[in-house]
């Protein structure tokens, strides 16, 4: 436990907010996919994991800084997400009986395969990016010391949320996304190819978590199971905010980040997730559809 | 003679929307009563209130001399109120007979009894030949029959039918009418929400017309159909069928 | 019609008895300790998956946090034995009852949740329990509990010279789990569970008290899972939070049922006898450099089964049987 001065508390909370924005960025892809087609991607953590590995290998083999590789990784994840939809999820959605079970376990199975592949090809060793432009630097804002990578990540997250909002509300494709969300059957009548919209939705969701992964690779260890720990936080974030709500993911992320930081101040570090879990349970017991959820 | 079912001053509000306003109706044992009215009249809401899906904002519901207003749906079934769903809700992964057994189990825990009763009910409803077929493989009119069979297996005193004849071919609808008559003949009271006037009017003993959440008129079908208020209500609704 | 049904029920029972008898004879021919170990684990997972299947398969409430009950069973037995000298047989019972009680307590708020919110709640609760145990000094915290083994004893349920007693116990456990499922399948509980799974609204309209149904399924499932956990503690003689409450256990309890046929009588059994040996063998045959191969194999299996045959492998056999009687 630390000595609790007002300074350390503010410090922790500020860091918590930054991480919260990153959690929101990870979670929003999940919320988007769910809002679009009622499917929870249980391989979401593994998407994050490959984004982190991709960033690492671009650094290790080509000395590309994560900041530069971020857009590349996001683009690659976009393609990957669309492919996962087309090859796996599309078929999962056809299930009539046991539909819930099929969706859960098809993506879960995929997560296991991805983790196995990572272990096989990359070994379970922990990797880290040792030199990067932002890595290890801190900046002082109004007397609070903030780690630069997390700060940058938070800014990127905010920008991404803004871009997403604009995209959904102001562009044609965004409207197609909304329309398909409302009534997937009807959109075919106006010439919208449901599969294409879903594939692009998955791509977009994956790209967002890819972006988060590229940035997180700057300051987190990278290993095959890294997705698992963040995945649970992502599910909790989305569920807290309410499945299907993009804004909910944003708000949920902030809440989770703050709760995690607060818990770390009070309890031993190994228990820092307990706070988040407790808040999740509390929220859904009172509001079974999450804070902003409508589904 | 006390009524089997009575609603007393039932109001249902959803936020600012008033779905049912001061509805007081009664159904005598042994009757077939039709609950009709144009779209948005509040029929489905009233239906769901009687079935126990939700409690009314105001008012009370008396069934068989007991105030059941606060009882949830499962307990109302215990008391003898059974219902079908407008959008059929069969247990898709179970066979037809298993579907019906679920209903029968409320009256007996002995499996052999429940199974025997289920067979009887299927026979009664004309589905005996489809007993071992998975419910997902039934055609729509058979699924409707299954809804009725399941509800009947609970040995109800009052059977609530939600648009059970809508969207059927004339032949299927006629068979449906016969089934409803058979059900009443066994002593079960029937309250049915319907849209298809020309099918329903010859079937029911009495009709209750709702409009805009209120009871507009009640009486014998022949009288109700000619009532100018009823005609006006339906003409105002462009989607009315029949009349 | 009724007699055909009764016949089918009886046939299942006879087949189960025969399989159990055959299984009981296997150790007489297979002496390799490594293989015996796999067999014990397969039977244990068959029992565990069958228990999981009751709540998640029949009643449709998919839980990915069942490691909670497994761990509770393991810890109850281990703690009662090491701290108070209570024999594992009582510990098993205690673990089962505690788990059932906790399942009911958790069910109260959790069964109000639908779909994904419920699944995530189960994961979160199990993780929380794991974290709490990792920080609970009295229970050994992260270091866990070492169960002292001093020679063979049926009373203390520990054996050093041979795995056979464990094998037979696991076999009995699997039989019990199967039998409980068989019995409940054709009972009011079984029918109501399936109704709740398929359509809770319709079930309610037919008099099913959905909440009570779920609670019943949860309690039975938790009890049996905990007994499995208690067995495991005695089998390995050392437990720690990660090894008995980790998420991988929750998954490993669910996967055999998914593979074999979720919500079916034989599914979890079939799935366990395929999946467990498969994962153990791939893990050891491909050796050190093969890390992750077991994951790839069984992950791929799960994806394939969920997409191509969601009713599980059992569906393949029954279809042939039905065709044969037509």
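Every chain is named by a letter (A, B and C) in the order it is written, and numbering of its residues begins at 1.
Note that contacts are C-beta pairs under 8 Å (C-beta built on N, C-alpha and C of every residue); 3 or more make two chains touch, one makes a residue touch a chain.
As the structure is a computational prediction, the values presented were derived from the model and not from experiment.
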Chain whose average C-alpha position is farthest from chain A's own: B
Middle chain, criterion being Cα centroid separation: C
Length of the line joining the C-alpha centres of chain A and chain B, rounded to whole Å: 48
Whole-Å separation of chain centres (CA-atom averages), chain A against chain C: 32
Mean-CA-position distance for chain C and chain B (Å): 43
Junction residues of chain B, two or more chains touched: 92-93
Where chain A touches two or more other chains at once, by residue number: 97-98
Junction residues of chain C - those touching two or more other chains: 263
Chain A - residues contacting chain C, complex: 34, 40, 88, 91-92, 95, 97-98, 100-102, 104-106, 108-120, 123-124, 224, 228, 232, 235-236, 239, 243, 268, 270-271, 273-274, 277-278, 280-281, 284-285, 288-290
Chain C-facing residues of chain B, complex: 51, 72-75, 77-78, 82-83, 85, 89-94, 98, 101-103, 105-106, 109, 111-112, 114-116, 119, 131-132, 150-151, 153-154
Residue ranges of chain C in contact with chain A within the complex: 60, 62, 64, 109, 112-117, 119-121, 123-125, 127-128, 131-132, 134-135, 247, 251, 254-255, 258, 262-263, 290-307, 310-311
Complex contact set, residues of chain C against chain B: 1-2, 5, 186-188, 191-192, 194-195, 197-199, 201-210, 263
